[in-house]
Structure formats: C-alpha cells, structure tokens
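Quick one: the structure is below, and I'll ask about it shortly.
Every chain is named by a letter (A, B, C, D, E and F) in the order it is written, and numbering of its residues begins at 1.
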C-alpha cells in the first residue's frame, strides 16, 4: 500500500501517525452534482477542488479528505438554477450539518489545521455556518487551538491571469458557470468529460439585480451555462490550475 | 387611524382588504443588529431597507411588513466579524426558519407578491433558503401562484451613481461596511445616529483571498469599519436613496 | 449622536462600555404582529413592551434591545386565533431559537442581567424554552453567573389598579385581547393607532374549557377582540403604564 | 382477550374495526415524571389523566392510547422547578415532535376525533404546537376532516366544586402542585402512592410576578409542593374525578 | 407508601436518596405501540421489557423508570411494516431526542449507571444515537464518569434455551414478531392479553434480501405476525423470562 | 464524451434523456470513511458498493449516482467503534437528511426507481428513515408512483458462497469488519489499497450481548478489525463480487 495524500487511501494507522499531533493540514473538498452545460459532465465542482487539493497537498505535505459530493441548491444567477435536471442539491441545513460533523471528527483525530476547499459557489455560506457550529461544539469540548479556513479556489486567480484567460474582458466569477474557467480546467484535467463540439456559444447571461422564486426558467440560457465556453482550452486550464495551486500552497503557510 | 404603508400600523380589517386578493406587493425588510463603527448607531441594516421599502411602497402602492431585526452572523470581510461587541446575530437556521414562517403567513393572508428587502449582506443565502422552504410548503398547500423576490438594495446603485459617490474609485460593496454608502444614507435619513467627528479615516481593509475561523481580530480595523466613511455626506445619501427607490420601484413592475 | 437607552441607537463602542462588565441590565421586548380588532393597529404587542422597557430603562439605567417583531401563533382563547388575517406568526421552534441565539449574543458582549419583556401572551413558554437552551449552552461555555428573567408586563398590574380600570369587574387577562388594557395603553402612547369609533362593543367572548383545532372561527367575535374596548381611555392607559413601569423598575432591583 | 378501552390492550384487528371509520374518539393522556412532594409518588401527571380518560372512554365509547410518560420542564411557579431531583423532563421540541408524530399515526389509522388529555401544566403550549404541526402535515396529505382537542382536566372543576374542595378559599391551579387537588385524586385512585403522614403543611408558595433563570431554589418550598396537601381526602378526590369525568364526557359530545 | 423498584412510584425524596450518589442502576424500558397479530394486544414491546427490568431491578437493587411508550417505525421484515393499523410510531429524530433528554435528566439526578432496555427491534439505532447525543452534552457539562448500556432482552436467550423453545429449528429473532417468543412471554406474564384461539398458524414470512418502500403489503402475512405463535406456551414464556432476567442481572455486574 | 453509467460523468442533457421518463433505475452508493485495519485503506465502504453498483448498472441499464462519502458512527460490535482514529462519521440526522434530500432531487428529475446501495452496516436505519421522509414529502408533492429500495450488498452472498469463502465456518456479517469479505473484495478490485503483510491474524472479536457507551476500547482488537483477514484472496473477492452483482441484477428485475 503506497503512501497517498488521500486520507481514504491510507490505513488508519498511517493516518493516525500523520494527523494525531495536529501539525498536518487536512483539506476537505466540498462540491456538488450540478449541470454544467451540454458539453461537460456534472462533476466539475467535485473534481476540480479535489484535484487542486491533491496538488496543494503534495507540495505542502497536507492530506485530502474524501469530497462532499452533493452541495447546496444551484442559484439561477450563479449556476443556472435548481429547476434544471441533473442538478442534485441538499437543503442548507443538510450541508451545514455535514460540514459541522466532519470537522468535529477530524478534530477528534487530532487535526488542528483544516481547509475546506469549495468548488460550488452556492455552498459558501452554509459551509461557513457549519464551521461556526463545529468550532462552537469543539470549544465546549475544550478544543480551542484549531483553525479552519474556507477557500473558493477561483479567488486565487490573480488579475494578470484573468487578463490572459479573458483577453476580451472578464464579466465576473458568478456567470462563469460552465464557462471558460471550469471548462478549461476540466480540459486540462479530465478531457474525457468535455465535448467542445457541444459548447453552446451564447452571450453572457443577463439577469435583473434581484432574484425571484420560483425562478423564471427563461432567464437561464437553454444550455444551462451562463457564459460561453468556446474559448476554453487545456492550456488555459493548466495555467489556472498552476496559479491556484501555487497561491493556495502559499496561503497555507500564511494561514497556520 | 390614518392609512399607512406599514402593515403594523393598519387595523387587520384594512390590511385584509388590501392583501386578500393577492395584488398588493408585501415588502419585508430583513436587517441585523450590527456594529457600524464608532461614528454610527447599530441599526442601519434595519433602518435603511425599511426606509427604502417605505418610499417604494408609497410610489408603488405596496405594503411594508415589520422588519426582521436580527440577522445572520457578521463575516469579517463584509461586516468586521462576529467577535465584535454589539453585533448580535442568529444561527443560519434561525434566520431561515423566520423567513420561511413569515412568508407562509403572508401567503395565508392572500399575498402572492412578496419582496424581501435585505439590508445585511450576510443574510442573503439564509433568506434564499427560507424562501425555498416556504415555497415548498406552500406548494404542498396547493399555493403555486406566488412569487417571492429578494433584493439587496445596493444592487440597484448604478454604475454612474457609483462614479459620483466614489470619484476616487470604488472598491466593492463588501468592504463598504460602515463606509460611505451606509453612512451617507444614514446622514440623509437619520443624522441623529451619525457622528462624523468619530469617523476613523483608515485605508480600506485588506484581507487574504480566504476566510479563517476563529477570525484573527487583527485583520479587522479597530474601528470596525472596512473603509473610511470620511467622504460620506447627506447629499450622497439622498442620491443613493433616490437611485435605489426608483430602481426598485421599476423592478417591482418587471417582477410581478 | 445622543446617548440612548436603545442599543440600536448606540455606536458599538458606547454599547461596549455600558455592557462589558455585566452590570447593566439588557431588556429585550418580544412581541408579535397580530390583529387587535378593527379599531387598532397590529403592533401593540411590540410597541407596548418596547415603551415600557424604555421607561424602565431610563429609570433603572438599563438598555433596551430591538424588539423581536414576530411571535408565536395566536390562540383563539387569548388572541382570537391564528386563522385571522393580519396575524403573522412563527413556529414555536423559531421563536425559541431566536430567543436562544439573541441571549447568547448579549452574554458574549458581557451582559449578565437580561430581561425578556413579553408583549404577546402566547410567546411565554417558547421564550422560557429559549432561555433554558441559551443558559445550557452558556454553561457549556463556562458562563454561569448570568440571570435571565421573563416578564409579562400585565402581571404587574396590581389588584387596586385592576379595580380602577375595570370598575364593573375583571374577567381575566386572557380575554383582554384588544380590550380595555391594550387599547387604553395604546391611546396613551400612540393615539394615532387607535380609532375608538371602530370599537365593537360586544360581550366578553365565551369559550368552552378546552381548545379545539382547527379552530371553529365562529367562537371568535367577528371583531377579533375578546372583550370590548369601549371603556378604554388614555387616562387608564397612563395609569397602567405607570403601575407597570414602577413595578418592573422595582422588580429589577430585587431580581439582580 | 376481553374488550378494553385501552388501545394497547386490544389486538390490532379489533382496534382497526373501532377506529377505521373515524367515528370513535381517541384520547391520549400526556403526563410527566415529576416530583409531587415527599408524600406522593412521581406519577400523578400520568395516572390522573389516564384514569379520567379511562372513565370518560367507558361512558362515551371512546378509546385511550398509551400515555406519554415524560413531559416538558417543570416551572418553578407551577411545579417547583426543573432543578429538583426526580423531575425528568424533555426539551420543548421533543414534546412537540412526539405529539405531532402520534396524532399523525392515529389519523393514518382512520381516527378523526382526537383528544389530548393533559396532566402536566407545563406541557400545554408544546402540545398545542404539536397539534398544529400534525394538522399542517395531515392537510398536506389531504386529511382535513379531523378535529383535535386539548383538555387540561382541572379546567373542568366547576366553581361550586372548588368551593367544596377549598372551603377556606382557592388560590389558583398553578400553585396546586402536589396540593389538595392532586393529592385528593391520588388518594381516591391510588392510595398506595400517598403517605399523608409525610405531607408538609406549609403556607402557599409565594412568587414574584416574573420568572428568573436559573431558578433561585429558595423560592420553592423544601417540600417541593406549592401548597399544603393537608386537607386532601379521598372523598374530595372522588368528587373531583366525578366532576371532571362528567364534564369531559359532555364536552366530547359538544366537541365532535 | 411502600418502597418500589419503579421510580414513578417513589416520592422524589426517596428517589433522591437512592440515586444521588450514582451507585444505583437506572433501567429505562423503551417500547412501542405495535400490532402483534390478531391473537395479542399491542403492548408487548412495552410490557415485556418493563417486566424484565422489574425482575432484574429486584434482584440487582436497581430502579426502573417509566417506559417510553411509542417507538420507531415498524419495518416489514421485523414487525410487519408501518402501514398496518394500530402500529403507532415516531420519526427517528423524535425517538433519539426523547432518549437523549431522559438520559441527561437521570444524570442530573446523579445516576451514573443507566441501562436502556429495548423491547422493539426497530428502536435500536435511534436509541444508540440518543445515547451518543446525551453523552456528548453531558461531557460538555463535565460529566464523564457515566456509563449507558443498551440491551435488547432477546439477545440474552442462550443457545440451549433456543433449542428448547424451538425444537423444530430457530429462524432468527427478526421474524419472531408476534411469534413464539413474544407470545409465550405474554402468556406467562399477561395471559389476559393473549387469545391463543386467534393465532394464525402460517409458515414463517419470507422476504427478499432487501427492503422496498412504500412496502408491498402483500409480503406481510395478513395476520401481521411473521411466524406462527401456535407453539407458544406460558411454560416457554417463564423459561424465557428466567433466562433473560438471570442473564441481564449478571450482565449488570459485568457492565458497571 | 463517452456514455457512462455514472451520472456524474454525463452531461445533464444526456442524463435527462435517460431519467426523465422514470424507467431507468438510479443506484446511490452510501458509504463511510472508516478504519478497516492496518492492512487496508479506509475507503472500502465507498468503493465496494460503488463498484458493485457500476457492474449491476452495466448489466441492467441502470445509472450510478455519486456515493455518499461519509456515514453513521461506527459501532463497536460491527465496526470497531467510533473512538478510533480515521473513522469519520456523521450524526444520524445528518445521514437521514442527506438521503432524504438526494432522493427527492432524483424524483424531481423523473426517476421513479431508486436503489440505495449501502456499504456501511451502521447506515441502514438512518437510510431507512431518510427514505421514509423523502417518500412522505414526495407524496405531498403528488408523487406516489415511486419505489425506493435499500440493499446491503452482503445480504446477497448466498449460503453456498459463504461455505466456499469460510470453509472453517462463518461467524456472521457483523464481525466481518475488515475481515475476509471486505479484504477479498478489495484485493480483487483495488489491490493497491491492501497490504496482506500487515494483516493482524487474531481470533474473532468477542462481545457481550449488549453495547455500552462510552465504549470500552479494550473490547476492540488493537488492529481495529473484528476478525482476521488472513484468508482473504482476490479469488474469493471475485467470487463475492460475482454473486452480489448477479443477485442484485436479478433483484432489480423483481423489485420494479
């Protein structure tokens, strides 16, 4: 049995050696099962943060926990909306409770440096609440020397990279859903899950400055993507991964 | 007893006439009790969305429900953090349950057009979840012809207004906490709750591209504000209110 | 910015000075949005406990927190029933969670003397449960030197006052809903929210010695009030306020 | 196997015949395990409503379900307080969920007339909430022709009986805890659970017009009772039972 | 008032003497209201664990708490299924919350040795979760020297007894529902609740190696029993009780 | 993009075609992150049900959803106990809520035939509750033509296979944790995650006929396994997989 950065691939005895003194960082990818357009599989929100975590872990001597595979409800202005087929979401309290429980368990094992690597925009606040509830209960157990961070990997894409990736101008991460960012990274990592011939080349989705429920399905482009992935390339994907991995690896140093 | 746009100021018989056929829009301000710096009271997140709702309601023939007075936990990068004194927050599920329950009640009264007017950045996703849970239960009750919108009033400040308000450049709504936007509006509406002599004139707060918990208090400026309110004026406040009220009034037309 | 007994009107820095050592009493009005007959607005359960808290706070050097604006479901024998339009209520667990969360936050700020000032009969037990859950969690945080009281202001109306207010005999607080007590106090405090010409002068509501659900709407007088407000006067209101304010101010001394 | 009014003593086939068409009333005693003074066992809140339900059921052709054996937290002014040994209580939400679940099950069996017979003062509002939640969910299942009542048996003790039981004056049901009412009924029903030689003959407990938490134990008489049971007799108990049984039997007729 | 092993039959003062130092074992029967065939009442899951607890308590100097009278949903392969009339079940979280709350209360009284005596197969995991949640909260209260065990009484029927009871072969506890085990014990304890003339003598129920929902009612024998009770006798019942009582009494010694 | 039995690897448009008419079976593996001895990785409870689902899906034309990667708390007598490092578990309600939410989403997509493929013994009852809650809510949405099954794959290992796998006698699935069954299957599927040289060859674990909490760690063998994996072989693993896959494929036919 080879050593691995993936906790799930270790015997518990080896994991115990690594984690018990609290020095090793544990990274937990939090994803979703969500439509990402007709040209891409529904797993980018799991695969991308897992891949980035893996690369960071190798550089930083960290560990990667199994990804949370379902996430919070897709919102129309950031993921097309939760009315679409394929998108498979949890209630907010379910996401929060999962995060809370898993953090507490890692802390029981000895971990004191935990990073939640988010791959699904809509998860953020429910993860934050899960962290808060976990820290509250850990405090009641006398565990106060713990630090838990939440990272959305796209926040590590720096200005100059954005200019390279989007030479015609960048319209914001929210409407990047199924667009150049995610598609490029998937092309770099898992080309078998992308079919560029099926990309629908549409203008960026436009939304009013508010959200209405039930959503008006007509506001979401029929493709389910919010901007066109046409200019996605594996090369851009590799650049994005590199920037994120380097940035996050460095952030881990600052963080703990 | 005079007529009023405030539901709480109406006799139930009058309210019933207005709401029973579902045509009248009901606006619900959702706020927070949160520190906004040493120069301002802790009520802007309640008073501002209430005031805007009131003005919109008068123009649009809508009604305003009593504000939700406590909100979700302040986040460091948007409100200074929930470790600060004065900031008084609810668990996520509590916010969600409150929103869910109140929407269902307005629907029972007959309302079919409901607008949640958010005044506290951190509330957004827990309001969204509350709307989703309410619509789910209403659907089980056979009520499907209802529409609920969520508005964060600052999303109606248009580009050209931003240029007027921030002639030296705009750094984003998130670090506006206790800054020019909120202080200007409060100066316009409730000058008695602002003391410009106590504004701490500091550089915009800078944060790493991730959040850590428990928060490192040193990352929040000692003032609790995330940018300086020094250039706030009542004039800017009036402009901001006008833009928001006009934009939202128009949006109500599009929405329903 | 003037000093104020209202927490929401203070800068957090001033609030912090007042509350951090635990000596200052924090009063939290807990109300409801509830029909109170065709002659009165729907806000008495919020406005009355807030006004009484304010007056007590001024005399006792206490602070008043923003009122909880929605309460537990109106019961037929004490509020006409939750089937009536206008009445806008929360599930029991929502009330309890709100109380729990807010108390814990005041305790985090340093408050050790907290008074919940209830204005809505049906809230009582859900407030009690909220207090119990808050104290339990605070205990887990090592905070044991805290005292939380719940007051229903009408319990401070003494026998001799009752005789003055109800010279023809008193039939109990429960059927006082929208009757002489509340209407008189509102006449004293907010005459603009009362229209005595719309009072329905009916006999006290009579109910069987049990409650049935769903309620039989015919048992509630069509006015929504459970006794006639005809004999309400501002003078009686002022007397009632005086008795309550004095009694509660004195009680605060005994309590802490 | 003899026929029985107790559901638990019937084979399900017999129960099914009785309940499936919805005509038979199902009575559910809701009690508590609570201290009732040094002279009495801790089961009166279960035994008394069960015995009354049984007698009513025999007269009215109703059925009695197994009692809920644990109840909501004892309050100081009505049960001595939940700090006392022996008193064994549930969180409010636990009581509510139990009531909700059980009502829904009886409705599934066909029952449409359900009476909750409360034996523990503090249970009332949590039972009410349980009923409301059950009816809400049953409504979603299309079951709307159901009626659920809640009875606190002492509310059927009429004025003239009170005069006979308390010739020296009646001080209210709330401080009757472990006093003449309950002790007399237990003497009539289960004399083996009463030891009159251990009654502590004290003045009625006196409390301030508010509740404080954590409770000040000194406000509860050391006996745990709130008034003296010294004048309790089996004869009074029989009278009380008769009045309650007759009143409730008649009420069942009016109710359904 | 005689001494008793039943907590409910003791005055709180006597209970306090017995339990305050933590030495006395508290046994809590956890049952259900569930159909057990046309030949038997619906209370075996409450009466049997209560009776066994009582006998063990007398031998071991333990105490017996009032039984939890409703349990988790009957499963088709172990109880016939929750679609049958009479079976009256709780949601899993309701069972868990009840167990959690009651254990915490016994611990507050001083008990440190608690045994949950389960009489209903389907309760097991929800009891386990209730124990875990109670121990977690007690730990936060600094109570760590407590031990809570869960016993399903049938696990104490030894191999040689099984051979005596089932001379033709034993098919497993799961399909024993309403069969020889429970019927024999009820014949020994409460013959008035068994009518052997109504036993349906059918082959053991056969199920596929999975569960489907909603259940296919045809898989459950029309009798509701999963195996025939025809060979049940009071003699076998007495033997079973003896084996269980002796085994559990001895286990209590090992346990604490 | 190739077609796949894994939902996550499909574009949503392709998934929609397959699932919208309700004919295609959706299989959901439910696992855990749990220690399985020093000779094996911690992922068998996820990998095995996923692999079996995949093989069944290919034969039966079904789909496989992303596995639930964390499960209910390990119990000492079936998984060594939840005190061990590495084992990372959820509260019961978290498991239940996840299952509930995900089933409802598949039903929204059109799925009417759903199989939960359990890989972790302790999950079973919390999955059952999740199914029940999902079906309840779907019923409220008018969806009644749905069937959800739960399979624990080891229940498909037939008697004659057991004899081949355990020629020296079979001691029950519960103490198989980390033993011959799981290790053989992992050797067949993922030999890289097994190191037979690290197998601890111990006697089967012996437990008393009850569970105590907190667990006595000494009852669990130091290896964390409950029986020896020494006789595990890839050949046995292949046989087990074949038997399970064939049995479950056939069961799918019977089920729907």
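Observations on the model:
In the analysis below, a residue touches a chain if its C-beta (ideal position, glycine included) is under 8 Å from a C-beta of that chain, and two chains touch if they have at least 3 such contacts.
Nothing here was measured: the structure is a model prediction, and the numbers come from that model.
Under the contact definition, chain A and chain D share the contacting chains B, C, E, F.
On a Cα centroid basis, the chain most remote from chain F in this structure is C. Compared on C-beta pairs in contact, A-E and B-C come out with B-C as the pair having more. Relative to chain D, the chain whose mean Cα position lies farthest away is A. Both chain A and chain B derive from one sequence, and where they touch, over half of the residue numbers involved are common to the two copies.
Chain B and chain D have Cα centroids lying 47 Å from one another.
Chain D and chain E have Cα centroids separated by 26 Å. Contact with two or more other chains is made by residues 91, 93, 140 of chain B.
If you draw each protein chain as a dot and join the dots that touch, the picture is not a line, a loop, a star, or fully joined; it has some other shape. Touching chain pairs in this entry, ordered by label, are A-B, A-C, A-E, A-F, B-C, B-D, B-F, C-D, C-E, D-E, D-F, E-F. Per the touch definition, chain A reaches chain C in the complex via residues 139-140. Taken together, the chain C residues at the contact with chain A in this complex read 137, 140-141.
Across the interface of their complex, chain E is touched by residues 1-2, 7-13, 15-16, 19-20, 33, 35-43, 46, 65-70, 84-91, 93-94, 97-98, 101-102, 105-106, 109-110, 192-195, 198, 224 of chain D. The touching residues of chain F, when paired with chain E in their complex, are 72-73, 75, 82, 91-93, 96, 122, 124-126, 128-129, 131-133, 135, 147-152, 155-156, 208-214, 247, 251, 254-255.
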